[in-house]
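Letters A, B, C, D and E mark the chains in the order given here, with residues in each chain numbered from 1 onward.
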Amino acid sequence: MAMLEVKDIQVYYGMIQAIKGISFEVNEGEVIALIGANGAGKTTTLQTITGLIAPKHGEILFEGQDITKVPAHKIVSMGMAHVPEGRRVFAQLSVLDNLKLGAFTRKDKEEIEETLLRVYKRFPRLEERKNQMAGTLSGGEQQMLAMGRALMSHPKIILMDEPSMGLSPIFVNEIFDIIREVSESGTTVLLVEQNAKKALSIADRGYVLETGNIVLEGDAKMLLDNDQVKKAYLGE
Amino acid sequence: MGFISYLVNGISLGSVYALIALGYTMVYGIAKMLNFAHGDVIMIGAYVAFTAVSGMGMPPVVGVLLSVVACTVLGVLIERIAYKPLRKASKLAVLITAIGVSYFLQNVALLIYGANTKSFTSVVTIPALKLMDDKLVISGETIVTVVACLIIMAGLMTFMKYSKSGRAMLAVSEDSGAAQLMGVNVNATIALTFAIGSALAAIAGVLMCSSYPALTPYTGSMPGIKAFVAAVFGGIGSIPGAFIGGILLGVIEILSKAYISSQLADAIVFAVLIVVLLVKPTGLLGKQIQEKV
Amino acid sequence: MALLEVKNLGISFGGLRAVDDFHLEIEQGQLYGLIGPNGAGKTTVFNLLTGVYEPTDGYIMLDGENITGKKTIEINKHGIARTFQNIRLFNDLTVLDNVKVGLHNHHKYSTLTGILRLPRYYKVEKEMNERAMELLKVFDLDKEADYKASNLPYGKQRKLEIARALATDPKLLLLDEPAAGMNPNETLELMKTIRFVRDEFHMTILLIEHDMKLVSGICEKLTVLNFGQVLTEGPTAEVLKDPKVITAYLGE
Amino acid sequence: MKKINKQLRSNLITYGIVVAAYIIVTLCMQAGMISSLLQGLLVPLCVYVILAISLNLTVGILGELSLGHAGFMCAGAFSGALFSKITADIIQPAGLRFFLALLVGTAVAALFGFLIGIPVLRLKGDYLAIVTLAFGEIIKNVVNVVFLGRDSAGFHVSTKDSMSLGLEPGGQVLIKGPQGITGTPNDSTFLIGIILILVTLFIVINLINSRTGRAIMAIRDNRIAAESVGIDITKYKLLAFSVSAALAGTAGVLYAHNLSTLIALPKNFGYNMSIMILVFVVLGGIGNIRGSIIAAVVLTLLPEFLRSLNDYRMLIYAVVLIATMIFTSSQGGQEIQERVKAFFKRGKKAEEGK
Amino acid sequence: ACGGSKDTAGTTTDSTAASSDAAGSDTFKIGATGPITGGAAIYGNAVKNGIQIAVDEINEAGGIGGYQIDYNFQDDEHDAEKAVNAYNNLKDWGMQVLIGTTTSAPCIAVVEKTHADNMFQITPSGTAVECVQYDNAYRMCFSDPTQGTESAKYIGENGMAQKVAVIYDSSDVYSTGIYEAFAAEAANQPFEIVSVEAFTADAKTDFSVQVQKSKDAGADLLFMPFYYTEASLVLAECNKQGYEPTFFGCDGMDGILGVENFDTALAEGLTFLAPFVAKSEDEQVQNFVSKYEADYGETPNQFAADAYDCVYVVKAAIEAAGATPDMSVSDLCDAMKEAMTSVSYSGITGKDITWGEDGEPNKAPLVVKVVDGEYTEL
């Protein structure tokens, strides 16, 4: 059974239909890439999964349980983390407070402390700036914080929305390394990216979204070699 | 001598403003809304205590507790019915709704209790402190109000800083969507905020009417506005700011009445507020939020 | 003489020296790139150049005039226009009106003329409409002229920002990560547009970008910023080969 | 252009509604079909409509929350009424005197708007709101302590009481502190009210759809971006604020010449009134001029039509207010509205881009 | 206190439905206005109830010259503009005589309208001079200047004080009016005003400064020309500060003992001029008070009493003029105006009251003092 199953969801903004009935699944331990042009509906899809937006039609199953109508905060406590588009760090809280909020659903103080140390190890810059207000961090630093914050909840699956946006080349590589590490440590990853090449290169499978529909899906290697994908998303 | 006793009177009035402002600031800080109905919740709180103590002969402590319970329930109900549907609406829409709620509470009180003034019996039993040959009298109400302010302020600050719910409130106030992604139950958090704010309103109502015993359906509205001013004065959203703002407002009001003009006291209070805001655009203790470009 | 000449520029935030001893020289008509790691201070340099922040040290000369410490509007009138890293459009105005706001200081009539609808009002408004449509055509936005700006897709919003900046008729155009959030194809198209703008409007352009395809594709010269200081500068190809730049910024 | 035409049509409809309202009311009045209550309400309705339109300029177009609009109305009302009182025997005919009073009231309010705007507009959001509230209260408060008298020796001012004016016998007390000004000539008529509404509309609509209006709205949408394209923030904010204040002053003069007593109470010139005008603006749709007009009319009439409910009338008013806000602004309510709109639009091809 | 809710009987006539004059030609239509919502609602309610009692009595006894009274009360929220609306609403209903308005400021605005319509108006409690500036308007209560002057005279003539302090509501017409007349008369009296402090409607919770200043000035009498709600706070503050001057009020003090739960000991010795004392032995008064208490569960104050008397005065004037309900409003007014100056009325707010052409009543004020928690007539 798939860890996450999305069945024929349709999403509207007012009268505008942003998602026109898409289905896909994510298996435990996989890295899945969701690629597509601007406005294709990638962000909307992720937000629907975590319960920030209610779909008008369709069903979402997480570990076999129907979460379509479950509120976002409960979904998070079931083990799903979401690194939102545009980072959305709590600008007026310190870096440390942001991280602590990441562990909001967890109870055990010691385990949280342990996770914190691991996050610091992965992002030393965050430890350096742990008392700085998050809003004054540079774009890249904020992205690290957003990732670190999501990891603090020790999720089973992590949804990432364009984590490489606005990052320097060296950092883009680093972020993808981190995603790979996260995956290797046993966390399932659903990754939305403009940087299709990089995303597909670390993913197991991928889906291509176009104006609210899935137009292509399959093995990541296969998609990388697909002419259509090459032309439309890899700029080759 | 005169000055000191004016000062004491100012602190006495100011502590009432501060107590109300704490509730204001709490709700504003988290829900980011100007709850114009706060003053009227205070009035309801006072009526409940009045009914319990003077009407039904219960002991004052029970009256206060009843009032706290009633206001907490009322606050949560108001939030649920009037504000929750507007979570995503413009701030102005919520402001107008709050004004509607304010009218509503006033008129409900008017229908239940009538327009006649009720004289509130003080719930404070400790005696007044008399200093300097009885020339300086600090009433028991003042002492209790100031102490209550300090305890509540310290309690709220500890709560916000160290408790999990407190951190959840801060997160919700900044970005409720992102807070949800942390697993924070936004509705419950805002309801809790209103519960705390309204419980404080009940205490404020009881203590205010203990100091100034005339109770009518409109008792809450002017102090409500003044407390709002006090909260802004101190930096709205800031808990110690509300306290300092309230005390200062009371002191300025009394001193300008005493030394400048009792008719222009309000104008002076407002003028001082304006000057303070021009120098410190986010109030005395408000955070200066710089927009990163 | 260089169009833009910056020397010894610096600013601190609290204890943080965000930009330090920064210098830059751009010739008329150049396409210049400013790159560097996240948090290096690139956006801050833009903010200093446009008067959003006041520098604590150094000076900025534009076309022979000292514009150090001037206000944002003054600097715009002197000829610097910009776009923002996080898009800042006039969201509730139409696409056309966004550009017309950009034309504000070049096509004038008084408030009273506007209220009373004197003939000059109609004349100037017509000029503005024509000029704005011309600009929108360049960015292929003319068909969306009546859209609310916030209803445009992300990529088009970025283009609209550039069009609006151009409307102020600047001598120097600053673009902060114009390709952010665009996929490779969209980026390619953007590169063409930027080149077109430079050639057609004889514009001088300074841009910040992390997309190396764009940087190497259109920038003639680069300055690399690291920890607020200039790490190196020079022709694009050379800079990108610089080992210092590779370790600090490019990787691999 | 298509858009321009649409705008023009919409504006013409707004003017049309006002003119039609005038014609219908006048015809009905001649036919004796209008109750005294409604007749008495005609001028106040015009006052509130002007106030709502003018506040919309600050709240909707400039995007700043002002809770002191009644203060400007107060400034206009008192200066206009004072002018009329002083010149009651000097300037004839009454029409000319009233016209001049309107100019005086408008100018004074504009001046207040300008002076207050300079410091106030440096603040943001709720801080700006509270300072406008403060200024409104100060104006009201100060007006309440001013005593002004006139005798053969000229004008006398006091802030204490009318005795300290030291007037000669036969001297006239013009402003009597808390009693304000009494005996203002009743010059306001429905026709004048309607003309003033049309003038207000003309000014506001034309201002919005001009270079100045665009600059103001640009500031509202994004201050930093507006600065970056060379818009003088202070200048345009002040301009919008002053025009808004001036028009509130006009409404004040109209108000003052409708009743023979002019007293600055919390109810008519305090924050209560400011908030009521704000309610019109928000309920009518922020930035929507026609909506402001309709909301002002409906909300002024509502409590009057609820009179038969006696004690429950203000309670019901409150409930209606809350319910309307929830209906118009909540997500659920908006979806219903959109569906209704879509229903009416069906068949008509939906225009792209709104 | 259920004064607000139980007495809808008086206003059951649907104001919108009954707008035709002809239908009412066999009844006198008497309208009244005052605030029954908002901060001044106490006064409007009292007036509303007082009139109701009189109307019921008169109707039961056969009406005015055989014609029944139709009575309609409208809320004016203590606002000039709303009062005009209320007045117009009553006109639509077919009102022929106005008893109102309750408070001064709205009354000044409404009197312009009644003057223009030439409708007979008698205000129970509009005390400002301008309330009766036209010949169609009369009042039942004392005017502000009368009250201020009389109070000063009384204090002086009875040697009640050497040094007097005044606290007044500078944002209120009534309070300022009394104060000004009081201060003017004080110059002729053997006492000295040593302190004058004001407060405003926006700051009437805290009186510590005003009281302290009075105390520091060494005043042995505190003159309080304002309503009892604020007075209860002032008295409490004096008690708090241990300040015990002689308290002298105005007719607005009437009702202070009725404040629910009020510690009447605070008001002990409070003296004021009033037209009416609920505790009076007078039979008429007792009749009124017992009815009022039975119907509304509280002791009536002078507003209710003045309003009650107004109805009887209207009755007397109509009967003296021999007027009938089929007369036009204006004719009725002319007839009543003429009759008014010849009417001599004895009611619960005074005996043998007559009216001058200026609309002012000639009646002797009662001096009331709070003794042992009861209003006592001196």
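The rule is short, and it goes like this: contacts are C-beta pairs under 8 Å (C-beta built on N, C-alpha and C of every residue); 3 or more make two chains touch, one makes a residue touch a chain.
These figures come from a predicted structure and were not determined experimentally.
*Asks:* Shared touching chains for subunit D and subunit E?
*Replies:* Of all the chains present, those in contact with both subunit D and subunit E are B.
*Asks:* Considering A-B alongside C-D, which chain pair is linked by more C-beta pairs in contact?
*Replies:* C-D
*Asks:* Which chain maximises the distance between its CA centroid and that of subunit B?
*Replies:* Most remote chain from subunit B, centroid-wise, comes out as C.
*Asks:* Comparing centres built from CA atoms, which chain ends up most distant from subunit D?
*Replies:* Relative to subunit D, the chain whose C-alpha centre sits farthest away is A.
*Asks:* As a quick test, compute the distance in whole Å between the mean CA positions of subunit A and subunit E.
*Replies:* Computed value for the inter-centroid distance: 73 Å.
*Asks:* I'd like to verify one number: the distance from the centre of subunit B to the centre of subunit E, where each centre is the average of its C-alpha atoms, in whole angstrom.
*Replies:* 36
*Asks:* Between subunit A and subunit C, what's the gap in Å when you average each chain's C-alpha atoms?
*Replies:* Result: the chain centres lie 31 Å from each other.
*Asks:* Two or more other chains touching the same residue: where does that happen in subunit B?
*Replies:* 107, 110-111, 263, 266, 293 - these are the residues of subunit B that touch more than one other chain.
*Asks:* For subunit E, write out the residues touching at least two other chains, lowest number first.
*Replies:* 4-5, 36-38, 170-171, 200, 202, in rising order.
*Asks:* When you check subunit C against every other chain, which residues touch at least two of them?
*Replies:* Correct list: 52, 84.
*Asks:* What part of subunit B is in contact with subunit D in the complex they form?
*Replies:* Answer in residue numbers: 28, 34, 36, 82, 85-86, 88-90, 92-93, 95-97, 99-101, 103-104, 106-108, 110-111, 225, 228-229, 232, 236, 261, 263-264, 266-267, 270-271, 273-274, 277-278, 281-283, 291, 293.
*Asks:* Of all residues in subunit D, which touch subunit A in the complex?
*Replies:* The touching residues are 334-335, 338, 342.
*Asks:* Can you tell me which positions in subunit C touch subunit D when the two form their complex?
*Replies:* Counting only subunit C, the residues touching subunit D are 50, 52, 71-73, 76-77, 81-82, 84, 88-94, 96-98, 100-102, 104-105, 107-109, 111, 113-117, 121, 124-125, 128-129, 144-148, 151, 164-165, 167-168.
*Asks:* Over in the complex, which subunit E residues touch subunit D? Could you list them?
*Replies:* Going by the criterion above, the answer is residues 4-5, 8, 11, 14-16, 19, 36-38, 74-75, 77-81, 84-89, 91-92, 105-106, 108-109, 112-113, 128, 130, 169-173, 176-177, 179-180, 183-184, 200-202.
*Asks:* Quick one: in the complex, what on subunit D touches subunit C?
*Replies:* Listed in rising order, the residues are 1-3, 202-203, 206-207, 209-215, 217-218, 220-222, 224-233, 239, 352-354.
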